[in-house]
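Could you have a look at this structure, given as structure tokens, before my questions?
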Amino acid sequence: MLSYLIAILIVTGIYALLTQALNFHYGFMGLINFGHVGFFAIGAYTSALLTLSGHSIALGFVAAIVLAALSACPLGLLALRLREDYLAIVTLGFAEIVRVVIVSEDWLTRGTQGLANVPRPFASLGASGQEIAYLGLVVACNVLAAALIARLAYSPFGRLIEAIRDDETAISTLGKYPAGAKLRVFMVGAGIAGLAGALYAHYITYVVPDQFVPLVTFYVWMAMILGGVGSLPGSFIGAAILVALLEGTRFIRDLLPGVMEIQMASVRIFLIGVGLVLFVLLRPQGVMGLRVRT
Amino acid sequence: MNGSLFYLNLVMNGLVQGLVIGLAALALTLVFAVARFPNAATGDLMTVGAYAGIGVQALNVRSVIVQGAAAILACSVLAIGQYWFVLRYLRGRGLVSLLLASIGLALATRGALSFFVGQDQYLFNTPIMRPYVIAGLRVQVVDLWLAVASLVCVTATFAMLFLTPVGRRMRAIADNAELARASGIRMQRVMIPLWAAVGAICGVAGMILGIKTVVLPEAGWHILLPAFAAMVLGGLGNPIGAVVAGILLGVVQELSTPFVGFTYKIALSFIVLAVILTVRPQGLFGSAEVVR
Amino acid sequence: MTLLRLTNVEAGYGDVNIVSGIDLDVSDDEIVTVAGTNGAGKSTIVKATMGLTPRCAGTMTFGGVDLRRRPAEDRIRLGLGYVPQIANVFMTLTILENLKVVECVSDFTARCAEMFDLFPILATRRHAKASALSGGERQQLAIARALMPRPKLIALDEPTAALSPALVAQVFDIITQLPKMGVAVLIVEQRARQSLAISDRGYILDSGRIVMNGKASDLLADARMAELYLGREDEPSVDTGTP
Amino acid sequence: MILNRRTLLKTAAVAGAMPALMRTQGAGAAEPFRVGALNPVTGAGSPYGSSMQKAILFAVKEINAAGGAGGQTLEVVAEDDQTSPEPAVLAAKKLVEVNKVRAVLGTWASGVALAVSPIFDAAGIIHTTVAGTSGLAAVNKKGFAFRFAGTSEGIGRSLADGALEEGFKRASIMAFNNASGREMLQGAKSVLQKAGREIVAEVIYEPNQPSYRSEIQAALAKQPEVLIMGSFLPDLTIILREVLQSGADVKFVVPAWAVTPKSIEALGAATDGVLLADYESALGSDAYASFKQRFKTDSGIDISGNHYASCAYDMAMTLALGMEAAGAGADNAAIVKAMHQISGPPGKAVSSFATGKELIKSGQKINYEGASGPLDFDDGGNAKPIYKLMIVKDGKINQHRILKL
């Protein structure tokens, strides 16, 4: 039971990291990023490939962050020119391009075969020690990311971001450069998503392009909306509710004799959809949200 | 097969693919024009249409017309329902709220559908007919019919938009929602016909997709991304643009396959999109006006 | 008889009030100008009257009917017409369609003919897209569109913004005709001097509040007023197009 | 309790979150042997997954009706792996940690099998799969994993062998772009190359396309006589229809799982002559016919074309017979050893649990011949690959020949 709980917590932590990053993009800056899973995939594959070719896990993590952040650069530049509705779909496309590149370049990524046996850190601690240590690592990454985001958000840079979000034209006339700020926010958020990817790869130990579909992005959006747009604690609560929703249905089914998993799979999709609709309708500010910003 | 004929056949394949994408993009762009959001439920609406057709077939009705009518009816009712019970309340709440709500509607629709129909594939029992070979170019009978159906759909949409009072109101709302309200146009009276039309297009598109492929709960969802690309490329909210862009993307995608292979062709529509948006941020057929 | 009456109205977006404590009325056959500097909240008053601001409090009646119970799209049915400052026509519709799309027009053909009589330039280009019109023509179309359902009052939001001086005169000329047709006029203008010159009464708005009101001639004659709000007579007004 | 047990048997779904409660209720009777059914109910494997899960539940129902195995009844905790590693890992952890299962039956996708295998291996849990990936051997350290289907590579070789036996000289290969499809392509290629046959085109295609015409055009450009397809059901159905509609004169060799009577019926007479490669005794064997008929009566599901449902049924059967042979209270290592013994020669061939149980009780050796094939696992836990070729004729699937691979 403990090990299952830890597994759930680790997955929640990874989603929380993704949600924080998205919240930084959208909640703080108003950037509509529907390609989050792309950064996640880049992080996962970067770290998996490096460690599988014998490099240290630490290097894998750093490279995952850096590469994911760099990949946000061209996208960010394009984003500066585009209206928000275009951006939503361009980012969606970006993630799809990332996935297709991973599928196609099998000399590097082994394509649809996936990368198996991605090393787990803390192997010397034994099976349960390893899990607990990994949870510690996930928590540490979350705390660091939260600290970074909070620092950026409450710095002069953060106030600039708030100002940009509220009135872009006014800021440009004040002589600051929203373009640069936007780009930096985009890259920092992407880097955090890349870190989440690395954590994911080394936990699941197997990465394959099928894991990086748009649905993951939608899940993260759900978590953000559930927790509250623009709220850092909300990122954690949202991720927790999301995982509870995804995993909880397994237990609901266990308690309902006569309901088969086959039907439950449909019920699960249905409940997630209805939950999303109800939240948007009834509580757009999320559990922790203070301001309505949709 | 000689060289040029090979490419000509690829163009042909692209046209057929593009028609399917273009129809989905037409449904997307209609919603976008009037309600200002990318409707992620479009794909699953199409799926419902295909299953409605299958349902009629299961009653031993072989007429594709009757099946199609059932698909149109089912999709229209569902689309109006989605508007009436959910989307109506989100007016003015911005793109993200509406997009997320439509993703929720998409998942809920698929979940409810697969609960009842299961995960097994269904097939339309359309007879297999040999193609016409015109100067080496293979023209399939079924594709001709699909093209006709698409054309009827597009024509009907345009007739509605440009020849009827309700279409005029839709265009007015799409053009300037605030002025439309000040001109006394009641949203509800436009939105119900709009969603009925969106449903009808999705019904036809779903039937076409179902006849060309197999009917599975996730079938429509997979067409959504290329349709999004076509909608954006066509200039958001531009119906002609959406259909033309859909066909264009289909043709470019298939023509590219000898050079980039069959995997990259999936990403190609987005790469084309990114390149074109770098040059023309308002899309191929979008006007340069900046909304907002 | 008072047609439109606003009592202690406040309106705005989100948490922010743009205007507050507004008391304003317009009677039959009257031209009333609301003048004020850029950003004073002039447009917000008109939008609130039309039901187009997200938030609005206070009392608003039109012909004795409580406006706040009526959604924006129903106010036209009471006889309220509106010409916004920017985007005041449907650019992608033809001229004829711009007129046709307006609701509650009885006897469209006759009314349309009247409009074409009033604005001959529109008649010659009835099948052209509105986007093909010049600024002045567009303003005429906007007014024609607002007049279609025979409103009792039309509210014009800076009707002469971004027009050349010659066209400004032409537009004001059209406006002065309106009371003769039984239409009261509420104009929001930055060109306060010219606007007041054709008005019966005026209100001066500053930072979201009415600071002065009275007969237009009195306002024009007031020296303090002239210095603070009306600008020098020969000074061309600059408009950035933001509310 | 009896009533309760009966309800449980009927649904065969058990409140796994309340194992403690179940135990107290079951005081006096032996504790049930908990089994996980981890199948691809949604996602890419969904055309196969739900029938697999139902087949496992059906098998367990039969086993329990015969009085259980090794003195215990079986309880199934069913999960959806969503054909994706992450939900699969979480489901696997839940099955192991919360539900305390001792065996997990029925993973399908290679990615899923590779992701969950280390978890099961570490926990000493018996894992039966149909995943065709060759990577499975590396994670099967304890030897508790069984593969109830041929490797994808092996299926690929059988497809090519079928083409050779039929005397085709020029072949094109098309394959679905996933691990399985690619391995099938490699398998087919190796056989054709060894035989010195010409491969005129290799096409790897992406799933979920509205049309595969350009892919088909590329495969047919140099006029092959035969198309060897490393496909699954939905994509093959579309491709078959498009090729037949294009009027191209080409034959097909396809895996049997990618065709169903329904798809043959829908495509009509044009499917005549399509060759299917499959396990030697999967179709036409008594075990298969009997299972198919019983399952149809019980669940209303026609498993024709879903080879994996037969595999899933056999998984439960093999496990239960292994439990029976290992005796009451045996640990997993003993059960695994017994599973090897009861599924291969020597021994009396049986195809039903009740008969097998009787024979084991009377001290005889048995050889379970499954609905999916003879099984006969090798040391690595792989079912013995014997393939045969079938042919579609007048809308029916007929035996054609055994492949001597």
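As written, the chains take the letters A, B, C and D, and residue 1 is the first residue of each chain.
Heads up, the rule we're going with is that a contact is a pair of C-beta atoms (placed from the backbone, for glycine too) under 8 Å apart; a residue touches a chain by one contact, two chains touch by 3 or more.
No experiment lies behind these values; they were computed from the predicted model shown.
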- Note on the structure: Quick note, more Cb pairs in contact for B-C or A-D? It is A-D
- Query: By CA centroid distance, what chain is farthest from chain D?
  - Reply: C
- Which one of the chains is closest to the middle, using the mean of its C-alpha atoms? B
- Note on the structure: Chain-centre distance (mean CA atoms) for chain B and chain C, in whole Å, is 41
- Item | Rounded Å distance between chain B and chain D, as computed from the means of their C-alpha atoms | 37
- Taking each chain's centre as its mean C-alpha position, how far apart are chain A and chain C in Å? 49
- For chain A, residues contacting two or more additional chains: 103, 262, 265-266, 268-269
- The positions of chain B in contact with two or more other chains are 114, 118-119, 261, 263, 266
- Message: If a residue has to touch 2 or more other chains to count, which residues of chain D qualify?
- Response: 41-42, 49-50, 177, 206
- Which chain pairs here would you call touching? A-B, A-D, B-C, B-D
- Contact set on chain C toward chain B in their complex: 50-52, 54, 71-77, 82, 84, 87-93, 97, 100-104, 145, 149
- In the complex of these two chains, what residues of chain D are touching chain B? 41-42, 46-47, 49-51, 177, 203-206, 208-211, 213-215, 217-218, 221, 233-234, 237-238, 241, 244-247, 262-263, 265-268, 270
- Note on the structure: Touching chain A in the complex, chain B uses residues 32, 36-38, 86, 89-90, 93-97, 99-101, 103-115, 118-119, 225, 228-229, 231-232, 236, 261, 263-264, 266-267, 269-271, 273-274, 277-278, 281, 283, 290-292
- Task: Sort out for me which residues of chain A touch chain D in the complex.
- Result: 1-4, 7-8, 11, 103, 111-114, 116-117, 127, 200, 204-208, 210-211, 246-247, 250-251, 253-255, 257-262, 264-266, 268-269
- Query: Inside the complex, what are the residues of chain B that reach chain C?
  - Reply: 92, 165, 168-169, 171-172, 174-176, 178-187, 289
